[in-house]
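Structures incoming, each one as structure tokens.
The same subunit A turns up in both complexes below, where it pairs with subunit B and then with subunit C.
Then we have the complex of A and B:
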């Protein structure tokens, strides 16, 4: 190796390392720190046995949800961002999208023997859905938040796209708006619908 | 005097009860053994709150962190091992939830990079020192070179004699 060539190497190598570092840091700069891969993708919905939010004595389990592609939307009346997405979700329902609500209350701690006032809760839910639109075919009440844990939910709102076999295809954190629907859900949803 | 004593006593009592109230409920968790208590502490220190930016679940007051602490407590009480609890969490929340990433194809660079860096530096030092040694060796002035140099000087000084 000639002296010249060697010098070129000594010049190019640090430059290459520097460029790789710049790209890496730039990616970090423009990435969303709140977004990380969900562990739920391509997993089956967990088994559960939960009550209906509105109807006394009505119980739901996983098998009741199978057979049709649908959205599972995690929400609560205390959640401000959920208010923002209710009208658009209602629009989606009117377009024929099946949406099931998974309702939870964050203030209730079952470990301390607290239980919710179901009558007051129902009134509140009814009032909210009457004002902002009701996108839900029905709502499942996760009173112990066990189902949320099994689904890897970190807060509300979160939405899962589930196929007819009960396999989770999309796990979205945050609200659903037209932009999110187009970029993250629309194509996959119509594909799953078509394959049904 | 008696009124003042009463007042003092009342104040002392209030401070005491406030202290008890302020004590975190976590402190009141009952464990079957010290090992369990230690395991719970270790796990809540090493598990990361999935909703937060870089906080463990012991440190965070987010609702999800509370729920995860409760779950860890239950699992530990039920006799789960450390790996069981971590597997349980990773299965639901992904590797994000654990502060010690496992060795996978995606994370291997974290382990390899420092080693490669050290090896590369050692190589660089070795090459450099070898080269400078070569320079010293070739730099030795020989008898023949001395003669040749004298010849050349002579030629320069008396070009017409050629």
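Then we have the complex of A and C:
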């Protein structure tokens, strides 16, 4: 009898493995990537060498961004939520906030050997910014996605608050609206601004 | 109107499925013949109404009925008719309808083609399938209705099918793969039915084995065609990417490969019974798990449908009910099973057991690689990603022992064998394959790569020993090659399956060791050399066809001054979705493929081009086709057909003995 019982435990093993898997699948289903704290806070902006989205031949690197507190906003014309935040970001720009765009092209994945049609993209960007407002001083095009990867970007829109030394102070996932700005950015921004 | 009827048909199919899950099983429990007999009609009814529903959706696509949300998002009036029809399975809702249609097809096949199986077993099998299908029907009706309308405000033009999917392979890849995935449900149902009866014996193995073979054949074909499609359509130039969804199809394939070997042991020797049952359950469970992966959005993949946690939760609950209850039933019943058959360490039984171990380990590895990133994140250890280097490394360790088993097993007998009797042929074959492998590599290639050498030697060794195994058969020894005709379907399946595997391995190791690529910027008229081939870039033309426009670049290839091919690589922009697509040009050959993809133009009139030379890549898919053909041979085995006749006679005899039995033959 005891042997039979031991036997039963042995045959229950597949069921046990499956149940453990189900627990994790369930967790995975409801895990919200936004709950995880960004690993980027208090880290320096990574080094990069990328071209301008709109101007041929213009290159940007890390040093060009330093010296002033600014927002680095990851966006794309394909991204619906980005449309929502463009007007408010434009309002912020009018209040004097420096905003730099990091353009994230979703449809073209460089890992798959694709590259983009820059002329069509520019026309699309111009059209969108004309309609919804242009909050950007300029836009950096991350055509290799390396910068996005270094920054730990998971989607668009995402916004980083970077101080004048190039240290990331806030990493926000999702759109910027008046509520988010007040609760997450405004105080820190004015402190950094005052320290400048 | 027609789409509404499609929805109604699905509701009716659900009703019939519920009846199918209740009556035959109840009948089998109580010994009520009439209830058991209802299984066949009910199964056919479920199939009929699901087919109607699929037709209704197809009709909506053909007539461009954009009041249906699914049609409006997956087709447009510019889409060519053939892709409007394949768009039926181009998205989540429709592909799930195809899935349950194919489930119905298998159910109908079991209902029609299983007269040789006792009524009680058949009604249990169909009842279990009916039970499983309830979950599918509830899911499609409640969570992902393909007939959802956009009325009263509907678009006048649809959004077109994703250009990646506008391809010939889209016509056949999903249906074949689903035939495989869903076909595993038949073995699963047989296993559950057998567990219910408590009779797991050689007869049970004999009944389910052809169904396992059929599903495995379709799964093999589906995977092979998917790999070929990824190679030429996605323009990635590779043939396997260890993408989570590819893994999801590989896991059931590995398990079913183990299953068909384990079936052989159970059928011939009456052992490994509980293991075989577990594999049969695992095969279908893994195919359900694959469905969950693809449709819940839990993993990031090119195959994944839009994520929706509600759908994910539903499928997970369904998975839980089906798999957990099967495994619980398994634990209860299998723990009481015993077999008393003697065999020694050096016997075919033990070697097939080794084969099963390695295939199971391989499945575990793929599973780990697929789920570990997610588990890692949930435990709070942060994000990791497991990619192709991990899998490539582990599989290159698993390959040699697996190949070794493949070499030896066909040569040795059941029960027991002496190593001395196979020592000589094994050794001769090994020496031959080392000589041939080394010779071929040093003549054909510029350097000798270790992985390629190992793969080549093992493959040739498998080839030679498979032929030796055929030559050892009694009729062949007596009559020479004329006797090949007398080999049974199962024997042919073994021969073809193993040879196909060897062919595929040659393709894999040669491509990964000797494939070369070059990214170049070329002006029209320029020539670049790769692996001895001269690629002359002629120029680029504008093209405008049906639903896309774009550029076509022509490259003339020559070898030693002799023209080889004219290749045209395209860059398309699909009008409706404004989505750019790379359509690579492939010059296929027996020993090598040339592959050209057109990149971006530069301001000075030159273009970016990517050029590949891929030796023996076609052998991978060719090997897969041989394997699938082997499975077909096994299904055609005369043994199963003869058996069917004798069993029907038995059944007839039983029927005359008990006149109240109304079994239709």
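Please note the rule applied: the second predicted complex is superposed on the first by the 163 of 196 C-alpha atoms of A that agree within 3 Å, B and C clash if a C-alpha of one lies under 4 Å from a C-alpha of the other, contacts with A are read in each partner's own complex, and residues count from 1 in each chain.
Just so we're on the same page, a contact is a pair of C-beta atoms (placed from the backbone, for glycine too) under 8 Å apart; a residue touches a chain by one contact, two chains touch by 3 or more.
Quantities reported herein were computed from a predicted structural model and do not represent experimental measurements.
When the two complexes are overlaid on their common chain A, residue A:150 makes contact with subunit B while staying clear of subunit C.
Judged by the touch definition given at the top, the superposed model places A:193 against neither subunit B nor subunit C. Of the two partner chains, neither subunit B nor subunit C is touched by A:164.
Here subunit B and subunit C are compared by how many residues of subunit A each touches, and C touches more.
Comparing the two complexes, residues 39 of subunit A contact subunit B in one case and subunit C in the other. For subunit A in complex with subunit B, the residues that touch the partner chain are 33-34, 36-40, 106, 109, 111, 145, 148-155.
Remark: subunit B residues 50-51, 53, 62-64, 66-68, 70-71, 90-96 touch subunit A in the complex.
On subunit A, the positions that touch subunit C within their shared complex are 4, 7-8, 10-12, 14-15, 18-19, 21-22, 24-31, 39, 107-108, 112-117, 120.
Here subunit C touches subunit A in the complex through residues 234-237, 274, 278, 281-282, 285, 292, 296, 298, 309, 312-313, 316, 319-320, 323-324, 327-328, 330-332, 334-336, 371, 374-375, 377-378, 382, 573, 578-580, 582, 597, 599-600, 608, 610, going by the rule given at the top.
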